[in-house]
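Please go over the structures that come below.
Same chain, two partners: chain A is paired with chain B first, then with chain C.
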Partner chain A sequence: MSASVQALEYLESLPGMVFTRLYQQPSTALAVFRRMLPHSAKTIVMAMLYMTSPIRDADLLCWIRPEAKPEKEQAISILERLHILKVSDLQGARAYRLATNFGQSLQQALTGGGTKASFGVPCGTPGSRTVDVQFLDTFARGRWEAILYYMVGSAGAGLGGDTPIANGTKQLLEEGNFVAMKGGYPVISQEGFTFLLQDVNSQVWRLMIVYLEGTDERHMDHVDVLSFLFTLGSLELGQDYRTQNLTATQRTFLDDLADLGIVYMSEPNRFYPTRLATTLTSDAGALLSSSSFGSNMPSHSPASKGYIIVETNYRLYAYTASVLQIAILNLFSNLSRRFPNLVSGKLTKQSIQRAISYGITAEQIISYLTAHAHPQMQKSKQILPPTVVDQIRLWQIEGDRMSSTNGFIMKDFRDFAEYEDAMKYADALGVLVWKSAAKRCFFVSKLEQMQTYFSNKKQEQRPG
Partner chain B sequence: MNAIDGTTSSFHVRSTDAPPPSLLVIVLDTNPYAWSLLADTLPLQNVVANLLVFINAHLAINHANQVAVLASHTHCVQWLYPPPPPPLPTDSTGDVLMTEPDQPDPTPHPPTDDANKYRPFRLVEQQILSNLRSLLTSSPPSSHTTALIAGALTTAMTYISKATLLASPVAAPTHTHTTSSVLPTADAINAPADASTAHDPLSSRILIVSVSGDLAAQYIPVMNTIFAAQRNRVPIDVLKLAGDTVFLQQASDATGGVYIAPGLEVGAGKKEGEDAAVVRAQGILQYLMMGFLPDAAARKWLVLPGAEEVDFRAACFCHRKVVDIGWVCSVCLSIFCEPLPDATCLTCGTYLALPANHNVAPAVVPRKKKKKKRLPDGGTPRPGGSTPAGSTPGGGTPMR
Partner chain C sequence: MVKAVKGALVECDASIKAIIVKIDKQRRNEIIIEDLDDETVLVKTDKLEELKRFLKEELKDTVREAEESGSE
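Up next, the complex of A and B:
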């Protein structure tokens, strides 16, 4: 599951009141816009940003090609779920407008001005010691790898599991069910394996969401924490910022972030965001250079973009000397040889199914291999050989013939046309999971949009 | 599950389904003569302010989005953002020294930091404004009254190809792979050719904000850059605020860009049309946000405005006049507005035999029949795109 999907699902679960407060900060509006929305939704928001009146649904449809209607429906649905778009009534027609506070904040983010100071207040004076980007990278990498080592080490991969990490972090990992304490020793769980294989950005988000879910027990205001998280994403790497204008909650949060390596605090009143923080709200494309964070190479050199080569004969070569990366590869492949800068091995049915029994999915393995593919492999259109990708999937399906989805079943339609209409709408929304034309029922994963659809239908039918 | 079989789902899923980052190169026409005409209705400050919001919106869409701004002035083309590199040190004879200059200070930190503005936005704005100010204060009075669009487009195209090279996964000729470093440019040029399926590292486009008229003097270089852009699949968008140029319409048409002329829409009445045009031009921000902001990925599913009727006229090679009907050299296809004095082509020097009745208007009667023969599939030729069927014997062919 990618980082933005996780964060999106968390945001959607929040009550509407939270959004009203959240969108008051320009930095939050900008971060949500940039990170959470699909491309189509961004285009729609930008087109509507400086419109003075609501736009009719029909007018919007004129602007969008008929074959792209599903994209439009999905974009509108996400925008509504994030309380960015409000449906209003314009002379009896369905119309949309941007939520006032979101629109204002985004405008303010684009034009500047206001007194919210939401993009961080830099320190004017030089600190007691100089902190450069390289130092921050080393610091963040050290902290983050320590966490991953702590988890991998617990898997018994022969790594030292005694790297010092803060107690708060250990507690956080337990809260997220990534590790379980058994007899005083941490033991990695299924979710822990999933966590390990994600890219760094997703990992950070995952931990942050666990943190946000636990804010009530820590007696913290989670809107405060969340909006500070979004602010962090808009800060500049290598720049120092003041803590004076932060709330007490945010300062506590800052201390915990320093333990994770997300910020660095040189003095009590001064903090530097690290690359982990500044890439929080950027897209995956921008993150490629930092996704190989664990490698020993400097993260900005092009060579560190990827290090894995997979051949069509399932052989795997990884140009790495990092113990952590080797341990991760070892989770799903049979490594046979190790050289100073290279390990080689093979993907086998046995190794993949072992990984699957740990709770790692085929998708995760594939996405890990894709994300860390060597630049030479990234040149081709299909980064991984399709035979290998298919085979990994098939190996998974062999043992795993069922998957469950929570959702709602729609049945008892009056006639076939009504069924088909509703089913097509659900398909366009992207919530359709299963359908059966013979039984005239289908299954959706989300209900809210369908409810509005049915109530609209009812209204249409009543006068006619 | 309808799709439980893993093989039926698309098996080459990219880890990132996000569209590639896009590079937007803006060519701002800073011709002072044209702007002074617009001073009452649409001053330069307003347009620049709107453009800055537009640039910020472009940068906000994707973290990796890039922007570059060029000023096409009357006597020179100047980078507004990113700032031009300092001139290379030269030796006494004026040759460029082949040693690396000392790195001066890559990022001079501006002292005033404002927490109310996203820092990348502020940096871009400061650069553009200060560079534009220095350009406008330092430019000498010039006798040219038109903007150097051709130069600006060429500079933009070189910048784009450089950025595309830098963004491609196998980076830079300095890479250790000797085999790939031999032909880095060939890779980069071939990459856009199959762009429909391959993952582009960077999708680029050019936006020209134009106020000057008459570009006929630069006809040949402009057309050449248009073809270069067409080849590299770089759409050229045109926002025409004033003036009327034939070739910019052709540019956006040939490269699949957007052409919007808010102030010059046809069909409006003469008198009240003028007021409406002013209002329309002042709503430039909305035009920018809706018409020009969508990048290549978004344009696939949008209905975009285009010039409904494109003026395909060409300029003659002898006097740089835009011509409806002219004379075309049958050897090198150069266009002339009048029969050549000594019947020798000015470009290739071929002697062209002109028929005796060459100054009589060409006969267009037999056109109908021949056209049917030529296009059996019923397709209509693009207006003016091909030479008309009625050709006169001899070297000079009338052309529309």
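Up next, the complex of A and C:
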């Protein structure tokens, strides 16, 4: 699951009250705007930003080409779920307006003004030590690798895991069910395996969401934490910031972030965001994939990005000496030989299906192999041999003979017209999974928007 | 009045569906909510994991795994 989808799902689960407070910060409004919204939704928000009165649904439709109507429905649905758009009633017609505080904050973020220190307060004076971007990268990489080592090391491979990580971090990994403590030793779980194969940006978001979910137990205000997280995303790499203007909760949070390598504290009152922080709300996050991350470490071999060669006979060669990378490869391949700078092995049905039983998907394996393919392989148009890619997918399907989706079935429609209308609406929203005209029912993955649709329908019918 | 029923939609081959129906019968119909068509059934969300396990066991007996050619 990509980073923004994870964050979006978490945000959607929050109650409306939280959003009212969140959107008071211009940095939050801007971060949500630029990271969470599809382009169609951004266009709608921008058009409505300086509008003082609600706009009718019919008027909004004038801006949208008829063939792009499904996109518009999706955009409106996301905006409503994030409490950016409020639906109101304008002389009996459906109308929208921007949530007041979101509108104000976004205006402030885009055009400046206001005295709120929402985007962080830089330190005016130089610190006792100069900290450059390279140092920050090394620091962040070291901390993040230590966390991954801890998890992989716990896979029982007897590799790595010797870099100490903070107790708070260990606890966080446990809370997220990435590792479970068994007999005093951490054991990696299904979620943990999936976590390992994600790109760094998604990993950071995943851990942050776990942190946010546990804020109540830490006696922290999660709105405070969340809005600070969004602020972090808009800070500048290499710049130092003051901590004086932060709340007590945010300072505790800052200490925990330093343990994770997301910020660096050079002095108690001075912090630098690392690349892990500044890419939180930008699309440039994939810049630090776990291999390029690891390959720059002194203990790791080639400085080049890709190191894996896959042949059409399923044999796999990886030019690496990194225990972390070997352990990851070992998740889904049968490694047989190890040389000082090379490991070799084979992708087999057993090894792939074992990985799948851990909860790793075929797509994750394929994308990992593609992303880390040796430069020689990247020269060809199809990076991995097509036969291998197809076979990995087939091995997955073989183990999994049915697909299931959780959701709701809608049935007992009055007539065919009502069924078709509702079904088309669900399709436009992108929640329609399955339909049967013969049985006059359909299946949706989400119910909330459908409920608003039906209650709107009822209102329309009442006067007539 | 339109009704919404919570559940998990299972899509599979007709042959697999036949096995699911059989499992459901053995379990006194506590898995399936509604039989939708030849390739689709609606099952109880909390019984889904159980169903997957039963299906795997059932298939183990019927489908022969090809021998692994483990040559290096």
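To be clear about the criterion, the second predicted complex is superposed on the first by the 378 of 464 C-alpha atoms of A that agree within 3 Å, B and C clash if a C-alpha of one lies under 4 Å from a C-alpha of the other, contacts with A are read in each partner's own complex, and residues count from 1 in each chain.
Here, a contact is a pair of C-beta atoms (placed from the backbone, for glycine too) under 8 Å apart; a residue touches a chain by one contact, two chains touch by 3 or more.
Small disclaimer: the values here were computed from a predicted structure and weren't measured.
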So, does A:422 touch the first partner chain B, the second partner chain C, both, or neither?
second
Using the touch definition from the top, say if A:49 reaches chain B (first), chain C (second), both or neither.
first
Considering only the touch criterion stated at the top, classify A:336 as touching first (chain B), second (chain C), both, or neither.
second
After the superposition on A, what does A:434 contact: first (chain B), second (chain C), both or neither?
both
Among the partners chain B and chain C, which is in contact with a greater number of residues of chain A?
B
Which holds for A:138: it touches chain B only (first), chain C only (second), both, or neither?
neither
Which superposed partner A:113 touches (first chain B, second chain C, both, neither)
first
Per the contact definition in the header, classify A:403: touching chain B only (first), chain C only (second), both, or neither.
both
Once chain A of both complexes is superposed, is A:71 in touch with chain B (first), chain C (second), both, or neither?
first
With the touch criterion stated at the top, can you tell me which chain A residues are shared between the chain B interface and the chain C interface?
401, 403, 433-434
Going by the contact rule at the top, pick out the chain A residues touching chain B in the complex.
26-27, 30, 33-34, 39-40, 42-43, 46-47, 49-51, 62-65, 67-68, 71-72, 108-122, 124, 234-236, 239, 279, 281-286, 302, 305, 362, 366-367, 370-371, 375-376, 378-379, 381-384, 386, 389-390, 393-394, 396-397, 401, 403, 433-435
As the complex stands, chain A meets chain C at residues 336, 346, 348-350, 401-414, 418, 422, 433-434, 436, 439, 441, 443, 447, 450, 454
Within their complex, chain C touches chain A through residues 1-13, 16, 20, 34, 36-37, 40, 42-43, 45, 48, 52, 55, 59, 68, 70, 72
Any idea which chain B residues touch chain A in the complex?
1-2, 4-7, 11-16, 18-21, 53, 56-57, 60-64, 113-119, 121-122, 169-172, 175, 177, 197-199, 285-286, 289-290, 293-294, 297-298, 300-303
